[in-house]
């Protein structure tokens, strides 16, 4: 038997940013997870064991992530780490977990390091930014007849992944980036970046940006009369973009996997789910709530499949033949195997029209 | 043309730095401490305006005075509560307290359910208005920042230079003991200073909100305002603005002409160069102890 | 209070002033060295963190508490030490050598950072160090060929000429030995002419100079020693955390370090370790306490920041000498129990005087 | 006692942390009088003045100013009531100009014209200050700062003035002038003064009533006329030596009041 | 007295903005004498001290110490040459005890390699002991036993003056600069100071250059006196000669005058 699995209870842990720069997301992931945990526990738990979810705050700081991981792993004896947010934070925390044979299950980050290089304790669900852009860029650029493709990215691992994806995508088209420029996390002024791209006559811009920076770059461009096609990654796929940025954001494309659960959504199950969420937490759900919800949902699937003798080994064994079907939010089918630690690398395109995200393409898989 | 446009965006950004730096200098002149809470007070001010507008549904023109007055009250209260008891301790103690105030402000705001962790947009009447002049583009938001900064700077400068209370504030910072001996109500002035600084922070928050959005971490721009204040000379109000402009323009040009990464450290490189060449900044006083 | 009848100058010079000291510190060492035998793994690991931060705190204490130079960019030295160690460990350098290198390189950077300190003071110096902190962070992020940039860098475990202490008890002991050595050396410096020169510079530069103290030399030395200790701490930190990224050494880290020495008690060597203990224990205490609070507060994001801020303010307000000051009071109270007067430590009204002229 | 007592200390005890600096001091200053406190180093003279003006709070006892209890009140408030204090060691505002320093002296006053007249009067006493009116006060020489600090207190036009070693670092000529000014403002404006001064010869000639402080206690008090005649005062404070009293280097005669 | 020149100032001038603080001042100090500077406030006496200790650089002229020009010497090296000073406004290390202040005074005699200090080798310990020995001698000399372990911040003004003198003596200087050693001291203590200054000259063999306003002290201990006014030399000679100089009387001493003229007229006293 593995640590964290008791007669009546399975203890799982998660680390979120609850007070740092992306506290908004961290909180939503946590609420999404809590929603699913409560549902499962009300339905009698996993093979009779209730789920106990412990959430620690990392403030998006790798050092605090390590401290939190040490606490969860060594003190609270969690069975698995689920939905840990942030690339650097995961990289920092994983050694602590692996030393104690604790699975890193479905971290909320689309970095390739979450499944590559291979480790038996790593599982990831998110199509990597790299693959998202690599796949979407050539198609969209062709549709738009773009000549000069540029990129602006945050100068951290996340932004670089987007950039690498863009470069790989262009390479497959036999083209190159006409201009690339970066900014530091937390920047608020993008005038010189936009001026640079404008000066290079870009007509297509790949955005390795998150929320405020996406809005900032597009806003500055609109202001200075620079209007290329913008393509962001799933990091920019949040309702905040159009809520904060207003009409100026219309026309922005982003790659994504699960849909944002609008309360007035056409699809009935999503509407039902969103209302349930809103009743529970008195907040509108977002795509991050869905991530959290899905992470737990998948965990429960695997744990249930692993049977009453739940242990790390039986869990991995269950995951070896795991297929997670598309859900109500429109995610792609996820498949895992003994050497397959990423569920799916497919993603699709959405665009903001009339102040809302609309799905505009089918799932695409990188070639 | 390109150069001019870069210059304009540099100036606009510089004014933002200058505006925050103004708050630092104000406090420094009057208490000889550096307030690390200035950026966070600015954030709180923006949140107050946001609350007034979105929760009470009042117009922008009501939210502005409300935020300023609200922040003045908060500044006053903070002084009473946590700064007055250590009035007279070494400046360093007060610096630490301001760091504490910053943490508390950020913590409290983030704790507001459903609001604190989100990013919000403040609806200002002049949003999305741009002026085009022969190919150059100027946003109304930036023009407002420039105008208000200039006015505020002039008002504060005159106040410190020529009013009795202004001089007394400086006196109290240079020698508190002697200030007491002169009958200067050091404590009351101190409350006033912090109230004023918080009000200035609120103004900065209001002006910044349309540009950077309102969120719990918006106060971090304050870190760029430190170099601005130092380049200008920490004790000089006009210096704060000039310093801000220098930093803003350097950043703007570095971002365009220099390789990646230079834009973000340009401010700090400038400040180090400045400290080596002219340790007391462009307008700083020459400080030398006579023995 | 204990009165000691002094019979030789050595009693003032010795580290342990009397038998009591020897006994208590001996006991403390015994407890610490036997900790792996009876302390649960998790707490041992936290203890290791405390030792590491304590070493960094010692350095900052030397600089801020004893020389009066405030550094708001100290995380940069930590970063230099950590990255040096990580890079050298990856190249297969044995731990003792790489750690010396880490200290040396940090010290060198410290001297460079100290250069502006020769001309500026007070807030200007603070901003200079802040600026340096940002620049170092940026260099760590940009110099990808060596540091791995923002993608981060994994750190190999400690290897002392083939002996691998691992990450548990062995590594703890390595930290402990280094912490003890560092503490002893700092204490030695403080009781030597150099330590006195630091204090002199803190109190009055002009008369320090007229006593023949070379300001530039001692300020640089203070920066170098402080940075070397930060570098040592950084090297241990690298192994402890085993994954480095530039943003671990940002301004927030620097402020944390400053908080640590202030809460510990500025100007005391004990304070460095007490502060470190506090810095590590605080988040634990908060997460312990949060289950007892109503969920609106307990589960709210930002609780940690709020508590941090309140604690910091509380310390400055009520215990300006930090945890060490509190301990002194408790000790005095114990020693004087029946005669203790409340007024004994009452804070005088005091009055700020311009520190711009020094 | 009599109604014309401006300042009365009863049984005042002040301490710095555990160190008691004054232990049960009682003294009175009457309207229109010049009083002086003599005492050796560390006797607690400055502490008495600081306690009066609220810079340190006494442990015990009360301070009354014009019949009002001002014990441990805010120093600024005490000054506003008409008591001004020239501190020991020239506490000027180093980065303000000489003129601004003077204006700060008049902070509690609102009669602009009278203030302007007083500035002129002060410049009349010390022409060097007029010459340096725009210079930072911190750059003045020691003596010039002392002049400034006295002038600044004069600007407050107080009812009672506490002077802590006004002649510190002044040339013999100026020392004399300072005391002439002291006498003048006392006679002309009726300002009451409490003076602490090491130049006992000067103090005892200028003052009407004197106190002798030793180790924080008042050991002798009398009118200055009588004090000047006492042997101990003569020997220890006026430096009038009986021949041979200190011929032997390190030998000091015991003060008889101890 | 050997009669050999220890310190020699030639045509010194220094100017701050429009203020000529010192202009064309020359004098020399013989080894083993007490040489006093007097003059009205703002005459430039402290500025001369600051020139010697290299806090200011003269705009013209030079200072020779033991025949060596001071112009090339850095401020911190002045102590190493054997020049120590006290300050008019007292510059002690406030947050240290008297003993620590005095130990810092010994700094110029101590120079260990860093590693020895880090390890506190026996040689460092030995030198610490010796340092302590020296400091205790000075403490005995100036009667400071009582204050040995007190924080400077809590000392009365007069005691600080003595501590500052003690700290200067700890450097074992050849030339001691005293800026107003008796200010803030009463008659009795000034008497002690006079004895100390004489002992410093006669027993310790240290040359003293001082600034002083108390003429009784000046007359008692000075061998020669230089009077300055407005940055210029007014008179030079024995104390008696200088005090009799009409210019000095006019600018500095004032007419001796009868102090009793300051007393309140008896009539008014009765009224009060």
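For reference, chains read A, B, C, D and E in written order, and residue numbers begin at 1 within each chain.
Methods note: a contact is a pair of C-beta atoms (placed from the backbone, for glycine too) under 8 Å apart; a residue touches a chain by one contact, two chains touch by 3 or more.
Remember, predicted model here, so these are calculated numbers, not experimental data.
Novice: Touching both chain A and chain C, which chains are there?
Specialist: Touches both chain A and chain C: B.
Novice: Compute the shortest path length in steps from chain A to chain D over the network of touching chains.
Specialist: The fewest touching-chain steps linking chain A to chain D number 2.
Novice: Report the chain whose mean Cα position is at the greatest distance from that of chain E.
Specialist: A
Novice: Which one of the chains is farthest from chain C, going by Cα centres?
Specialist: Between chain C and every other chain, the largest centroid distance is to D.
Novice: Take the average of all CA coordinates in chain C, do the same for chain E, and state the distance between these two points in whole angstrom.
Specialist: The answer is 41 Å.
Novice: Using mean CA coordinates as chain centres, what's the gap between chain A and chain B in Å?
Specialist: 36
Novice: Where the CA atoms of chain A average out and where those of chain E average out, how many Å apart are those spots?
Specialist: 74
Novice: In angstrom, rounded to a whole number, how far apart do the mean CA points of chain C and chain D lie?
Specialist: The separation of the two C-alpha centroids amounts to 47 Å.
Novice: Give the residues of chain C touching no fewer than two other chains, as numbers and ranges.
Specialist: Within chain C, residues 141, 206, 301-305, 349, 351, 354, 356-357 contact more than one other chain.
Novice: Going by the contact rule already set, what residues in chain A reach two or more other chains?
Specialist: 19, 23, 26-27, 155
Novice: Quick check on chain E: which residues sit in contact with 2+ other chains?
Specialist: Residues 46, 55, 87-89, 91 of chain E each touch two or more of the other chains.
Novice: Spell out the residues on chain C that touch chain A in their complex, using ranges where they run on.
Specialist: Against chain A, chain C makes touches at 40-42, 45-46, 49, 141, 149-152, 154, 167, 241-243, 245, 247-248, 252-253, 280, 283-284, 287, 301-305.
Novice: In their complex, what parts of chain C are in touch with chain E?
Specialist: It comes out as residues 9-10, 12-13, 185, 188-189, 191-194, 196-197, 199-200, 202-204, 206-215, 221.
Novice: Can you list the chain B residues touching chain A in their complex?
Specialist: Per the touch definition, chain B meets chain A at residues 2, 5-6, 9-10, 12-13, 106-107, 110, 113-114, 117-121, 128, 130, 137, 139, 211-213, 215-217, 220-221, 251-256, 260-261, 263-264.
Novice: Sort out for me which residues of chain D touch chain B in the complex.
Specialist: 53-55, 74-77, 79-80, 84-87, 91-96, 100-101, 103-105, 107-108, 138-140, 152-153, 156
Novice: Which bits of chain B are touching chain D when the two form their complex?
Specialist: 164, 167-168, 170-171, 174-175, 177-187, 285, 287, 289-290
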